[in-house]
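Across the two complexes that follow, subunit A remains constant while its partner is subunit B and subsequently subunit C.
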Partner chain A sequence: MNPVPINDNPFAGDNSGIQQRETAARWALRIGSYIVVIITLAIMLHIFVKGAPVVFRTQWPFVNTQFLTELPATLHVIEDQQGNHIETDVNGADAVKKKLGDNFRAEKTISYSGGGILGPIVGTALLVVVSVGVALFLGVACAIYLSEYARHGKFLEMVRLAILNLAGVPSVVFGLFGLGAFVLTAPRFVDVPAERSVFSIPFGFTTLSFEGWDTCVLSGGFTLAFVILPVIITASEQCLQAVPQGFRETSMALGATRWQTIRYSVLPFATPGILTSSILGIARAAGETAPIMFTAALAFKDKLPWQKDLPPLPADASIFAHWEQSVSRFLGIFTESVQALPYHIYTLAAKIPQNEYAERAQYGSVFVFLVLVASLAASSVLLRKRLRAKYRW
Partner chain B sequence: MNSPTTPSRPPLRSVLLRSRKRTILGVDPQKLIKYFFGSNASVAIIVLVLIMVFLLREGIDFLPTYQRELQTYRRAGLEFCDIIDQPLQRNQALSSSLRQAVSASLETLSKTARDWRDAAFLLKRQVEDKTARPRESLTQALEKTPPAPEQIEVFRRELGEASAAAAKALDYPAVFGTAEREQLQREFAALTPEVTDLPPLLQTLAAEFSAKDREARTKFASLVQAQEEFEEATEPLQEVVDELKAKALETKEKAVEFDVLETNRLRLLEAAATETDAKEKASLTKEAAESVSEAVNLEKSIQEITGRTAELREQVEKYAVVIEKAAAVLPQDAGTGAARALVNEVREGIPAHAREMRAAAATLEGWRWDKPVSIFSVIGAFFFGTQWITNSSWQDFFGFVPLLSGSLVIAAIAILIATPVSVVAAIYTNQFASEREKEMIKPVIEFIQAIPSVVLGFIGISLVGNLIKDVSEWSWLQWVPGFPIQERLNMFNAGCLLAFMAVPTMFSLSEDALNNVPRAYIDASDALGATKLQTVFRVIVPAGISGILSAILLGLGRVVGETMVVLLVAGNRIAIPDFSAGPGVIFHPAHTLTGIIAQELGEVSRGSSHWQALFMVGIVLFAISLLVNWCARAVARRFEPHKA
Partner chain C sequence: MAAETPASTAAEPLIQVEKFNYAYGDNQVLFDVDLNMSSEDVTALIGPSGCGKSTLLRSINRINDLVDSARVVSGKIKIDGIDLYAPDVDVISLRRNVGMVFQKYNPFPRSIFENAVYGLRVAGVKDRHDLEEAAERSLRSAALWDEVKDRLHEVATGLSGGQQQRLCIARAIALQPRILLMDEPCAALDPIATARIEELIHQLRGQYTFVIVTHNMEQAKRIADRTAFFYKGRLIEEDDTMNIFNHPRDPQTESYITGRLT
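Now for the complex of A and B:
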């Protein structure tokens, strides 16, 4: 007697072709998405492995203070007859050569690779401060209009379309715009208008001349502000929309005006979110290179923006003169051109011959830059998460 | 009883409706606040308009400026010379092919000998490099007067030891036998700076090679001779052309100088006319008078050039005859298959080249120096020009095609790579991934957006370039067209990095599109018994296709507009990519619309034609970005699923 074949569970899924195909496709999709993740992590790891040794030290204070606190300089590498390499800066080179005497063999100079990257860090910080200041003001005001005042209509549609298009404009075109608008045309107060001035309005004691701000922090900052404007507007509008409609209705029902409603019932709840999202704008502004290439950045500068030679005041100068000089020193920061981290990296990567010393400066700068930008982005994401948990309506 | 008089109260109705509005300058402050925000909202529109205005302001003069330049180019006779000179360039390409054929043929006999010689010389150089320091010390000691014998002795011993060690440590290739290896080692160890003669074995090897080379040259004598003849054939013609070119250039320079002085004079006169101070006025007028220069008699100098048309035509005819003869005697028996192919290519190329030269010579007669350059031909010269030449001593050309083609090829590579990856990632995270996977994948991909482009460009130079080059040298990948690659920095490299940059944009937009597919579609599909895979690919993806397409378009916009990566990685060679190389063309370097602006704008003076040309490129880029945005919106609307 044949054994009765044991029937499988009729409700079990079948292990035939369909199921296998399903699993295979799922795995193909999974592998596809993990490839991106792995490449990203590999790049991060590569920069970390190459860059961290430049920035960190194994002994106290564990950080390469020289790299973070000095201005970029030309690196002099002096080789002696025994094949030792001595690294020094331009001032130390002669002393080392004298000390070596006959033992001196060769000297190599590598531009921009000595010293540190304090200049670029300061420059980037200044650019970010200006650009985020301008962009936050314009962007939040625009978002308030879009979310609180605007009615459906032609104007609203145009504004939305303009924001979309602005987000798509290539960064190098922003650079051209900044060059044409801020560097060469923006209005400023001068005593005698320059020849290139488009037109000037005399006021008697001074003249408002449309002759541009030259390449400086202000020009670069304004240019960057328009690059990040769409990001800020979109993020702020989302935050404003997230405030429950009921808050507004309650406020209006109590007789508050529209502005009072916005001021006391909407903005206080939206501000943390707006600020958090604007950190993303900061990261973007810090990372852009093309817009500042012609508007603010310099390849090399041996001074910080506030180290300016002003004529020394006479000993009996009045307090007012001192005050005036410090103000002009402060304002002067914004009318100087600066080094910026992304442009510094571009210079290191493209403008000087590659060797081990240049590579060290490159990876060090890239590592610091990436850590700054990434920590900004990460803090924005984390803060947003916490805010979401806090304001749950 | 007097009822107490109730104080008269205004009726409730009027209290409630009483308007207590304060006004500022007759306007309601609430309205003012509203207008304030409204005007800020219009900033986006204003900025777009301003971008257009400033780009046009700096760039629009390009057309007239370029028209003037092209006019001078024609009037001074430069164009006349180029009619012959441009097709003559083809000669170089042909003779380089021929040279390659010759060396390939010669190699069939002399390759072994040459490899031996080269390997031995390479080894010698390595030894010398390694012992550079003691060698230098010894040389210095030898040159010193008076000589210090014991010091020299010390250095000599040092050098001997170093050389022996270096010679021992060398990695001898397999072509050398044991005996030869030992001899080389001995000879290298004995190298000293004062003996300049080659060591004996090296001399033998060199002599062997030259003997082989001679033998090969006699064997392929006809080919070698044909190549030499072909190269020499251009000389008489080139001589005439060079003379004419020198003359034309001289005229052009004079004309340009005159233009500069003349504009200067007119400006001074204008200033003098508005100047009120008599003394200033006089000095300005005087300066203007000094700025006068002699106008160039273009007609006279052009006649000196066109007067030699007959001679030029004659030379061209002679040249054509000579090269045709050379083509006829090109031998069939080249050494290798590759050489034969090259020779055949040249044999077919020469008649075409000769025809081209004759046709060019024929057009010389019809050429008129005073024919005006129309604005349309200037527009054509910009948008369809195939040359972008700047800072040239001959003539600057601003042709758009090389840059556009570079940008487009790179963008195509980037989109082809980025689209599948980001769409797959979007489908997976949206439909299949568990919550934990989602929490890992999404932030990582979104983090890519925060990586500054200049950092990615740097990665392209330092990491990806070497990686691609190393991979292209793997022997089992040689079937890939273009492998092994020549340049580390090329369009493929840039395309890969741009694809990486475009992934986050395309990923999040595609994911949004998938998210927006109405729930009912999925439920319906499930209810019909479709598997998950069927639901995803037959229902969800088709329903979200509009969003995915517009995501791809927006990614394209991002890729075309990206600057730093292409500037650093694309290789920056301003030429139309050589599409005859087949798909391997993607491993060639190129330049792009964005890269050229970033690279050259810093170095040109304001208002020059070059400056204006770069702004024109900016205008085109701006237009492209608007167009791409518009397309993305149109696509998103066109394929929008009907909301359930």
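Now for the complex of A and C:
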């Protein structure tokens, strides 16, 4: 050991051991943070490098419109004697083969990798709308009750624990629950109950039959709603608790009822935060695959949800009949099964052997998916900012 | 309306607290409090922190009902002879008659106008003209009208602290209550704003019956007709303010007002 230098500075001392540990701790924490940032950037970069060329074009209109506006289709790749590959769809394949004549060497078909991904985009959008709608209603109602009405005690603790546990349930379990609850047993009005109906209540003009909603947007949306419910309840409750207690007391002291107090002096100030929590909900709902596999999503569907064959109306049909058909077409959207982006990506990625064509469609879908989720999140952040500016305390 | 307030009758106090015991869960905070407050008087409740004076104040409009564990153990608080904790009492109309101003000025982050008419809005008043009239009347009463009349629709949290507290007073008197409860109304204000609030209380005395919790004994001397001293959940002494401060009967009161008891 070096002799301790003698000087007049009372703060100088040999504490290099402490210093070294301090430096080591700081670097360990710093490196951990850097790794997180690097991995996040790597994911983004990977998807951008692989996905952007599929979605964007170097020439006008700079966007691959086919990819965004067509339904997925089987891709036919025809190879000629020179080793050139010609990509076409099922209708174009014969024409290409005829044109090549003797020059034709081989034809490969790769399912789902041609066309575009409009179907999955629409399906995911519908699922998100239904699930976030249901989850916000149930979640905010639950959060308001827990935060504003329920008395502190054992029961409240139990409910909180249940919500926490719900957050830990694997999503495939929600999928099976959705299959059992919404696809197979949820109540619906029918003329004649199906054979599998668990239970039915006749009303005369119609029957409420517990026979399920089948695989459809509604089943999937409700299932997803339960997946994101814990996030929304917990976050909403925190936002409600963050509203100063003084607002509640003042409002009640001015003769407001509890509901008036919540309606005018608590909820408006908690809304920005609740919207933020719904951002998380949207991202999660859009990204889940397992809960919709059994309840809403198909690997392939050649129609959009509103492209349903309804009986054509007679030429002299009244405006009312047209209106009625439009309404039933609109409501029909929610009782159709759909394709969804995460499941579509799964379908493509699960193809063995992998090939460049499937991979292209897959990364294109992932890229579009990320852009959609990011723009949804961005719009919610903007909305929150505007509300925050309006209500500040 | 001030003119409608019945004249003070010396015989019958407006607020009667009878053998009042109050607890949070198992923790009793008020013991056998007996206190009468006459109509149109300003009564100051003084005492060290945790002595129960705020709890008593918050029991008079039953705002303490919001605290989960709070409960009346025994005894009564009566206004005009009616027990406030009787099962058939409508808490909403009680609170319309007993206004409250809190320690921390806390106008809602809405416009000045909306703050002033909040109580009327939740009471179901929709007529624009009625609301505007009430807003002007209450803001004038709270000596705030001249300062805010040109910016009624600006957000209230942009006002100064003293103005915000006067807005809170305006908001409470917009409902034309008979009683105004004030929980340390000047604790968060600077001396100038405090002086304005005290001046306002002087102007309004007679129109409302004031019950004011304060830590500031000079303030109690300046504004209160009667003063009640609380210590450890008990009412130690209640008398004319001048008597309390000049000739306290109880040695504890004397210790407190001379700053030896905290």
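Heads up, the rule we're going with is that the second predicted complex is superposed on the first by the 345 of 393 C-alpha atoms of A that agree within 3 Å, B and C clash if a C-alpha of one lies under 4 Å from a C-alpha of the other, contacts with A are read in each partner's own complex, and residues count from 1 in each chain.
Criterion: contacts are C-beta pairs under 8 Å (C-beta built on N, C-alpha and C of every residue); 3 or more make two chains touch, one makes a residue touch a chain.
As the structure is a computational prediction, the values presented were derived from the model and not from experiment.
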>> A:248 in the overlay: touching subunit B, subunit C, both, or neither? Say first, second, both or neither.
In response: second
> Touch check for A:382: first (subunit B), second (subunit C), both, or neither?
Replying inline: neither
> More residues of subunit A in touch with subunit C or with subunit B?
Replying inline: B
> Between subunit B (first) and subunit C (second), which does A:257 come into contact with in this model arrangement: first, second, both, or neither?
Replying inline: both
>> Once chain A of both complexes is superposed, is A:287 in touch with subunit B (first), subunit C (second), both, or neither?
In response: first
> Which residues of subunit A are in contact with subunit B in one complex and with subunit C in the other?
Replying inline: 257
> In their complex, what parts of subunit C are in touch with subunit A?
Replying inline: 61, 63, 66, 68-69, 92-93, 95-96, 99-100, 102, 104, 106, 108-109, 118-119, 121-123, 155, 157, 168, 171-172, 175
>> Under the definition above, what is the set of subunit A residues touching subunit C in their complex?
In response: 151-152, 244, 246-257, 260, 264-265, 269, 391-393
>> Residue numbers of subunit A touching subunit B in their complex, please.
In response: 18, 21-22, 25-26, 28-30, 32-37, 39-41, 43, 46-47, 81-83, 105, 138, 141-142, 144-146, 148-150, 155, 158-159, 162-166, 168-177, 179-181, 184-185, 226, 229-230, 233, 257-259, 280, 283-284, 286-290, 293-294, 342-343, 345-346, 349-350, 359, 362-363, 366, 369-370, 373-374, 376-378, 381
>> Per the contact definition, I'd like the list of subunit B residues that touch subunit A in the complex.
In response: 29-30, 33-34, 36-38, 40-45, 47-48, 50-51, 54-55, 57-58, 133, 136-137, 420-422, 424-425, 427-429, 432-433, 440-441, 443-448, 450-455, 457-459, 461-463, 500, 503, 507, 531-533, 554, 557-558, 560-564, 567-568, 594, 597-598, 601-602, 606, 614-615, 618, 621-622, 625-626, 628-629, 633
